[in-house]
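As written, the chains take the letters A, B, C and D, and residue 1 is the first residue of each chain.
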């Protein structure tokens, strides 16, 4: 139990996917202009990460390993994740327009997100068991959401600042992201991850 | 005003560490002022030196550096603080992070060796040369890592910590002098009680819980309170208005977050000291705290009840 | 004494010592009276006299247009010498009737008083409207409208606002002290119109003499007096209701929502005149004060008296005027010139010299000290709204409840960076209203 | 090898089948324009527009909640195509630019009162009709500068808005926000203008502005075809603008300016070259 808790904490804070592993930077910079969208994106990522790690775990242990084709891991995972997300998007769009509005529109953005693939690959690398994989994916998603929302909050605030011309827009976003990442370094060593 | 409140602490650090401390203080302060002046000039904005904010950042930064910090490091830190910490966001009032802390963390990560080389206090007139020593927190961390037990210093010697007779950053050394400055700020109503009380309170409570769980492994809350940059952080860094929440409720949450993260990093993290990181992290959370702690608008209560 | 109050607010230096001890003096007739046609919230009145007409004091010179409007009367007898746009306290040139007094100052003979006991509620209301009575605290909202709540709103309390929380102003204070009979009579009439019994006069504790006098005299008529903590903006309608009844008027609604009607003491006194003597609202008490005036006074002035004339009655200017404010220093309006006339809402005239004003006038950046949040009686975040307003981010400003701002000025007063917060919020409000109209 | 091909193929097949079925079963009606725009967009899902992904952006563009020119990866080509689909083709029969009809900066025009409030023209205008004595003059508080998406407007040190004829695209945003209506559209090819917006009588204008039009009619006398005077304010008749420049020297207050000789005093813009080509909006 404690092990699982540590995995979760590690994934959320210490080895935060965005701020420590630098995965998923693209949506991190792109969809963080408003806290609401950032939150929606975060939710979608949590969902996809969890589902993807479940499916890829089965793919790995039920197909790839028995057939001895682990070297196809990356391509197989991408294939599975991409189609899975597409599928989920379509289902949500049809069955629950409300959910689609808040979550579904982010899904296509995640299909090829490196953070999702990263979770799947790390699960295997760290040879987590099934439960650990799920918890790790959940933590990674939570960490992603946390970073997203914090960053969106900061960006909403810096929107009001008289920023020097040369630093406006993405430049300042990158500086801010750097400082946020710096702050997250404080968690280093908190849990060996 | 805040600068006056920091003077006792500066004086104490100069007393203990002598000329090196003085030079760190001067370089940081002048460096920040110069950086600010250059920025204003380059961007063609109005000179903002008169508000004293750059000088304050410099002093705060100096108090966060070890007395043995080489001059180039102090200067580098000063420029980081003003350029990256403040001016890229448009200057005073807009920086989301505390500039002095940004600089400290950058230095800590870039130059870990210089940043963690501590000299033992050698009060002026004692005739001692500088001796390298460890900070109480650093020593504790090493000891716990090696032996799983607290070293002796974590259970005694509190009066030394109070007056500053220990190794550490300029501003870590004298809790008493900082306390005086902090109380002065409170008295002058420059800061409110919310952040300091909730920050220090959280450290005492969380630290205390761990201490009660295992007094041989975890230090007492008093040790937490008096060592490291806690007092400095509580009164001078966390209360920086620009980078902390604006509402009373927000400040309480802010203080709680700072305290919690500080204790966690101190006890379990890779760094012996967590105050800087804790405050920076909570700085990052400030916009969100502000967002979710908006005060209830007059006349809004009934309306919600009705609808 | 148990002092009631509300949350928020602040204590500006009150400056009432200039004029608090000065009895009300009648201001002599000026050479000409400039009577603007918009002196109340709502549709301006339409002039019904022409140049050359002889008018009597109290005669209607402009008719009300619409329900939320009142007629305007000549404040003395004399000749109409112009009907043209003149500089109005709002800062613009607006239509006005200019009268040259004949010195007789004789009332229109057709104006007849009556015993309120013999009049029906509707007759009383008609007379109040015909007398042109508006809220005299400064908002100048037509009184008959306030006295006509819709059927479904049950009114149970009449609050008389004698708070006078604006610094420097002492007109209401003197009125309560010197003309309590008029005031109490007016309250009884208002009570009859509303058909209710419970009446509370709210007075700030810095006027103990007025509290004592009214407590004594009011007791016989079952009128309660409540002392209130000295704090600005204690006299703001919704804050006053909160302090006295503990009811919060829901955002975006009127006091009648919680069963309360609030009237200013000056309004109550004017109601008495209107009914008992048939005299319309042609004069009021105004405080002429500030360090820029030689001998500050409380003057009984005629509507339309040029500010310059008022100052002359108070010993003239003391040094160079740098800022002329009509109303109180917190919510009053800065005036362009002393040739502007006093109107029904003019509770005071303040004159400051250069040396009396704060030295730092350039606005600095907001350092998020949060003081404006602490003092806001509505519990808004003025600095946030102002920041959005500066960048014309109207939707965001609306999300932070810009529309609830009562423009009391506390935030601007407390701001260490001297940011024009209220003005910024007002700007945002304008933007929000404009957006709402287009949708 | 075979296992690899089979298993990967198998996964692919299963996934494809599932998607195919889902596409049929869960098909949702979408605005055809949305689909068409999505087709044009680069599909990078980069989020540069601020919306989550290209489909979000396509939707936003169609319902009008977001501008169609925010797709950075797509560039101007994409913008053009989107505009085509939306039917908002930007066709201008005659290129126009915005002109500030005022030269009365703080050194030349007098103040009615000292304004210290919010640095915004609309806010200032609400206080006694603005701090300038002239009822039509530029307030110089920069509301138009902030609203201009192309950085074509600058406020001089003495508080006067100046619009660059090269950078202005004729979007008219500044015209809408100016509370004093001192910015108006004029044909790009006309370079001579009477830079005054006061309809007050000449004597009054002289009192508050050194460079205001006093309606002396000298311009009209010298070039009757090119000028008209209405309500105490001279105006260039743009159909005959080529004849307008001739009287420049004769104007007693120098309120007529030919932009080819430079922008009003204090501007940092370089004088436009003649003939000016329409600005490229990209």
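Going forward, a residue touches a chain if its C-beta (ideal position, glycine included) is under 8 Å from a C-beta of that chain, and two chains touch if they have at least 3 such contacts.
No experiment lies behind these values; they were computed from the predicted model shown.
Asks: Counting C-beta pairs in contact, which chain pair has more, A-C or A-B?
Replies: Top pair by contacting C-beta pairs is A-B.
Asks: So the centre of each chain is just the mean of its C-alpha atoms; given that, what is the distance between chain A and chain C in Å?
Replies: Measuring from centre to centre gives 59 Å for this pair.
Asks: When the centre of a chain is set as the mean of its C-alpha atoms, what distance in Å lies between chain A and chain B?
Replies: Each chain reduced to its C-alpha mean, chain A and chain B end up 32 Å apart.
Asks: Measure off the straight-line distance from the CA centroid of chain C to the CA centroid of chain D, and report it in whole Å.
Replies: Comparing mean C-alpha positions, chain D is 43 Å from chain C.
Asks: If you average the CA atoms of chain A and of chain D, how far apart do the two points sit, in angstrom?
Replies: Each chain's C-alpha centroid was found; their separation is 41 Å.
Asks: Which positions in chain D touch two or more other chains at once?
Replies: Residue numbers touching two or more other chains: none in chain D.
Asks: Multi-chain contacts in chain B: which residues touch at least two other chains?
Replies: Residues 91, 94 of chain B touch two or more partner chains.
Asks: Spell out, as numbers or ranges, the residues of chain C touching 2 or more other chains.
Replies: In chain C, residues 391 touch at least two other chains, as defined above.
Asks: What graph shape do the protein chains here make by touch: line, ring, star, complete or other?
Replies: Per interface graph, the chains form some other shape.
Asks: Provide the residue numbers of chain C that touch chain A in the complex, in ascending order.
Replies: Touching chain A from chain C are residues 387-388, 391.
Asks: Which residues of chain D touch chain A once you look at their complex with the stated criterion?
Replies: It comes out as residues 3-4, 7-8, 11-12, 15-16, 18-19, 22-23, 25-28, 45-48, 50-56, 59.
Asks: Going by the contact rule set out above, which residues of chain B touch chain A in the complex?
Replies: 43, 84-85, 87-91, 94, 96-97, 102, 105-106, 109, 261, 264-265, 268-271, 274, 276-278, 280-281, 283-288, 291
Asks: Going by the contact rule at the top, pick out the chain C residues touching chain D in the complex.
Replies: 90-92, 334, 336, 361-363, 386, 389-392, 420, 423-424, 426-427, 430
Asks: Taking the touch rule as given, give the residues of chain B at its contact with chain C in the complex, in rising order.
Replies: 51, 91-94, 241-242, 244-248, 290, 294-303, 306
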